[in-house]
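Each of the next two complexes has chain A plus one more chain, namely chain B in the first and chain C in the second.
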Partner chain A sequence: MAAKFLKQEDLPAFLAHLAKSARVIAPVKTDGLVQFEPWTPEKQVELEVLLAKQSPKEWVFPQTEKYLEFKYGKVMPEGSGEAVADASENAAESVPQPTVEVEVRNEAPAQVIFGLRPCDARGFTQMDQVFGGYGGFYFDPFYNARRAATTLLVVACVEPRSTCFCTAVGGCPAGREGADAIFIPVEGGFVVETLTEKGESTAAFSGLTEASEAQKAQAADMEAQAIGKVGAPFTLEGLRDHLHDNIDDPRWRDLCMRCISCGTCTYVCPSCYCFSINDELVESTGERYRVWDNCFNPIYTEETSGHNPRAEKFKRFRNRFSHKFWYYPDKYDSLLCSGCGRCIMDCPTRIDIREVLRVMGTAPETAFSQASRPTEAKAAAPTQAEGKEA
Partner chain B sequence: MSRQDHIREFAAKALSEGRVDYFIGWKQGYNSSEMVPAFVKDPAQVDELVWNPLCHHNLVTFIKRNMPDPAGAKIGLCVKGCDSRTLVALLQEQLVDKEKLYVVGVPCDGIIDRRKLEKQFKAEIIDVAFPDKGQVVVTTAKGETKEFAQDEVLLESCKRCRYPNPLYADDTAGPLVEEPDREQAPDFSDLAEYENLCDEDKQAFLERVYSTCIRCFACIHVCPVCVCWDRCVNRSRQPEWVEQKVDTKENLFFQMIHMFHVAGRCPSCGACDRACPVEIPLYLLHRKMNKEIYDMFRFEPGVKLDEKPVFQVFDLNDPFGD
Partner chain C sequence: MSDNGNGAGCGCDKTRLTFADVVPGATTARAGKKAGNPYLPEVGTVIEIIPETPTIKTFRVRFDDPEVQKNFTFAPGQVGQLGIFGVGEATFAITSRPSEKEFIQFSVMRAGEVTRALHNLSVGDKVGVRAPMGRGFPVEEWKGKNILYVMGGIGSAALKATIEYTLEHRSDYEKITILYGATHPTNFTYWYDVEEWRKRDDLELVLTIDRECEGWQCDVGLVPHVLERMAPSPENTIAITCGPPIMIKFALIAFEKLGFTPEQTYTTLEKRMKCGIGICGRCNVGPKYVCVDGPVFSLAELKELPDEL
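Showing the complex of A and B:
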């Protein structure tokens, strides 16, 4: 579809138009903090701050999501009348039988997320693999119902931050991956490109005009200058192999010394998706829900036996980066990082993923420092297949 | 000799003499507007250690149980006044081994509030410089610069600091700063606005701020006196007190448990407040807790090494119960 133009002052009317047929989620600043939340006409969409504190993933993958409700009961077997258990051979048939009623909850309201950045949208496409049955693995009905009901209207980035690195992971400040439409800021408004059918029907707004050649050229310039502002702090080339080879490398321990093993990085990340499932029961009524978990949680891998393969912090630290740049790409043909840099900005000790990948993307270190543990003789480097099982 | 030079000298000496396996201080982060904790193992690397009004991290958290790597390492660390109070609290309870520590005390004339600075600008802050004492110069990605007086942009906790000089140290990085007058009782008048809220408004305020909590546990993990951090009751499923479900009620309950567990050991250093990614006013709430403790027991946590923690003593003479 030909590029359109939306005037800046028509933005509230556009959002109001969207709100007629769907819930609109947009970045809103409250008390100085910008978060994605349901938009209503009295709220102002915040687009001058580059990134909302958290990614919009919670609107497709809620932090707490109820799967089902259940209620235990008991019912007397048929024909037992008033009989209670007696010594006859029919005793078992007179005993009350437990029952459980289950009601599955799968809510997926129609929604439009407006004002997310290309890295946010890319986080969704990356998570789509693991939830979407890629490779014949698991298909998650809850995620996919919400995903199908969601339209993503991306706003391109004009002023990337020093913490951005989308281009280093194959993205772009005006990246279209995952977007149903992209709004590129130009003078006086946005050049609008719809990219999918969903995007086209959602963005069918009477206030849109044809974008002029000058506006289209401005959009292209904007994109180019934004790309120029994003650094290339590490290379993906050979990174997976180095992560393989560096499993026992003592540099992991050095890099994670200031990590406090909280969950901030995973919870603000557009593509972290680990979760735990719990049943909560009060007397005979309960619910089953899933809730975000994070791999830095000290008991994340604690098993029922009490054994914990990642009791040490450096193992959990190593796991997060290996998951995003080695295990996940091996299994799902996709990285699990879109370069938004929230983990850098929000980490209480500003651990820098770019530094980690730059260091661990080099050959294993042979000199061991005093504080590292004694190592066994290194086995031959694992093959790709062995790496998959790791 | 600047405090920074003192720190580097002490660190280099402790490392080269083998007094410590590693030395914890502060260094520049991803740019010159952020400082981060630094872990130095090699005396040749001490030049990365810095001291400036951005060095807000309380480094005592890194000597908690299961934080040192390897376990049992001899550790050197820098402490400001507030940090030293958390160290004294841990020593009072014998939760850390004095023999394994080399403590460099850093007298402090205030840490600036980077979050407050951020809110003054639309563009990203890329540099914060201190050309002269008391002077803070901020530069943004757009090239704007603005100057502030340090006193205008201090952390809330620094505005009414009663202990700017470390209360425990093996060596001290330079001369002490002037001690504030402590004849008067601590001034908690900053809490008046919160305390004057009626019950409904207070409830609404707490619910509003705790609806944003994402249960990341940054507050728990960054807190030096939250020593059960990796086996926290808040994470227990069998038995379960706080549900894993993230909602306002559970979030409030979780934070209340934490506050009651650090009560009497928390000096409201504010590390939790600075770590919180969603800016929950944790400093305010912990300070309120400390006001209650002072009113009840006339106790200031982490001040006297030979004092027993307040909830381990029973004193008929304390004001509580009057």
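Showing the complex of A and C:
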């Protein structure tokens, strides 16, 4: 594919060009954090800091999303005809009958997300499977309307962070999966490759020039170097089977010990998609909305009777990792993790998904001697637990 | 994208879907919902409320759209989300006869926020229904077999439609037995049906209550104990159980003692649900979603899942 070149100093003009036809979402610095926000000319796009605090998932799958509006009313039976008359034999003819009007809200403005990273884009492709009705499941009209109206202009990573592990989960610092176009930083600007029709039309900007052979070579070089900089802290080989075969592995209890069930990992994750549905009603009008949920929260599964299938923390902990590396892969043939490492950076108790997967990907009897074990006293615990299991 | 009925999620075509294949509108229109939006409930009107026990009421709901009402079908064992706009939705077994064309029926035990609000409804009030959902009992596969229902308390709601179905198609099945228990005689739901069932000679009905009670003439004892006393033969028999979790647990043990294989034994699960369409991630038990892969599971299937029931 013919590569183009965008000069660094032309970036604001390029974004302004995009903003003519769509809302531009880009990583900008606000309150000391880099966050994906609607871009305006006075905001500078922040591409030096690798990874915005949160992935851009909220622009396709908002944290809180109103999807139904309703309004209660009353009508006299005459207005609604015989249906009311036989609805209730007891209702007196003149008693007003309740009505409810229900309306769907589904707004999907055209938008371009610029400056997301390959792992963020893969987060979308992973959620696409769930919301897209893959395998005969239901098609989510809200997610998909916004997803269809969104163009992803991905910027490749040159200097991966120590917490990055995209290559361990099948990704790449210059991965194209999910991207409509990819911008590879080179000297003085970006080599731009358009990957889809959407990317082609969105990136049709007069300021782009043909990329020179030298620039293309530099881009390829950048890519190769960046791949080498990402660690390979665990192996996927056999991981799913280990999770499946050792579901009652007592090491889950040990690994989750530090977890405080705060759910930060789920909120910053580009592919976590669990949600709750709630209603609000004020007088006669109300709305139904969905809101991100957190599978670590004990009340997530708590039933009205008080019974809770995952009352114990280790079960919730096990559920999240198993979901990403066993349940989801069994359904959709891919992983539910793109290796961005945000959960590692933001975990208040420094739980490291790479360590969890490394331990759980090894046979129960060998793992603990190599696992990070802070104290001798703690190291004894799993042995006892394993003994009980046996 | 396949659209081959309920619980089609696992083990079907594994071709990977790319986003380009997902065309808005190419929906799996399965839940009797307008414009293919599985989140949009069908508005219905409560046409009858039957008090069953001190805490259970049965609601008959007619969809406001006559087309939807006319075309509504479901498989026995399937569930639906019944809700009140402004309060929320909850999942209930559909308890009407599968052949019923006039209304859809749910039995609701007063327990939490939504069920309490439902209990406060009057005839004529509006509700929202998203149904049917999930996978029902494989009643077709059971043709020519003996059917043994073992149920307790509100668990009868989950089996009601299936019992009705097998009775409506009585000649397709061999011996049908119902063991039905409640804590107290006042706690039997569908007593009017029980009265009808008692009159039938093509149905063995065993009723039991947990403790002695004046005037009670049937069995006394916990359902699993009575089941063991009855000692039904597992030969060519399908055993289906539903009730409080503790009853299910011991009924399954009793079935195993009596020689029923896990493949012969079925139950139906209840989990907290939100979306009801296999997306929101709440009702999973391991890789299975109760809302789309269940709620009906054979014991053989349950044994594959983590201990998170």
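Please note the rule applied: the second predicted complex is superposed on the first by the 348 of 390 C-alpha atoms of A that agree within 3 Å, B and C clash if a C-alpha of one lies under 4 Å from a C-alpha of the other, contacts with A are read in each partner's own complex, and residues count from 1 in each chain.
In this section, a contact is a pair of C-beta atoms (placed from the backbone, for glycine too) under 8 Å apart; a residue touches a chain by one contact, two chains touch by 3 or more.
As the structure is a computational prediction, the values presented were derived from the model and not from experiment.
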Chain A as common anchor, with chain B and chain C clashing or fitting: fit
Determine, for the superposed model, which of the two partners chain B and chain C contacts more residues of chain A. C
Looking at A:Cys262 after the superposition, I want to know if it touches chain B, chain C, both of them or none. Which is it: first, second, both, neither? first
For A:Glu159 in the superposed arrangement: first (chain B), second (chain C), both or neither? first
Touching partner for A:Asn278 - first (chain B), second (chain C), both, neither: both
Per the contact definition in the header, classify A:Thr64: touching chain B only (first), chain C only (second), both, or neither. first
With the two complexes overlaid on chain A, what is the closest approach of chain B to chain C, counting only CA atoms, in Å? 6
Just to be sure I follow: which residues of chain A are touched by chain B in one complex and then by chain C in the other one? 276, 278, 280
Which of the residues in chain B come into contact with chain A in the complex? 21-22, 29-31, 34, 36-39, 41-42, 57, 61-62, 66-67, 69-70, 73, 119, 122-124, 126, 141-142, 212, 214-218, 220-222, 229-231, 235, 237, 243-247, 274-275, 277-279
If we count contacts the way the header does, which residues on chain A are in touch with chain C in the complex? 67-68, 70, 72, 83-84, 86-88, 90-91, 97-100, 102, 104, 125, 128-142, 144-145, 147-148, 178, 196, 247-248, 273-281, 286, 288, 290, 293, 295, 300-305, 307, 309-310, 315, 318-319, 322-323, 326-327, 330-334
Name, in rising order, each residue of chain C that touches chain A in their complex. 1-4, 8-10, 12-14, 16-17, 19-22, 24, 26-28, 30, 35-41, 43, 45, 47, 62, 64, 83, 85-89, 111-112, 115, 123-126, 128, 245, 270-272, 274-275, 277-282, 284-287, 292, 306-309
Over in the complex, which chain A residues touch chain B? Could you list them? 31-33, 35, 48-50, 53-54, 63-64, 159, 161-163, 253-254, 257-258, 260-264, 267-268, 276, 278, 280, 289, 291-292, 294, 297-299, 312-314, 344, 346, 348-350, 352, 355, 369-371, 373
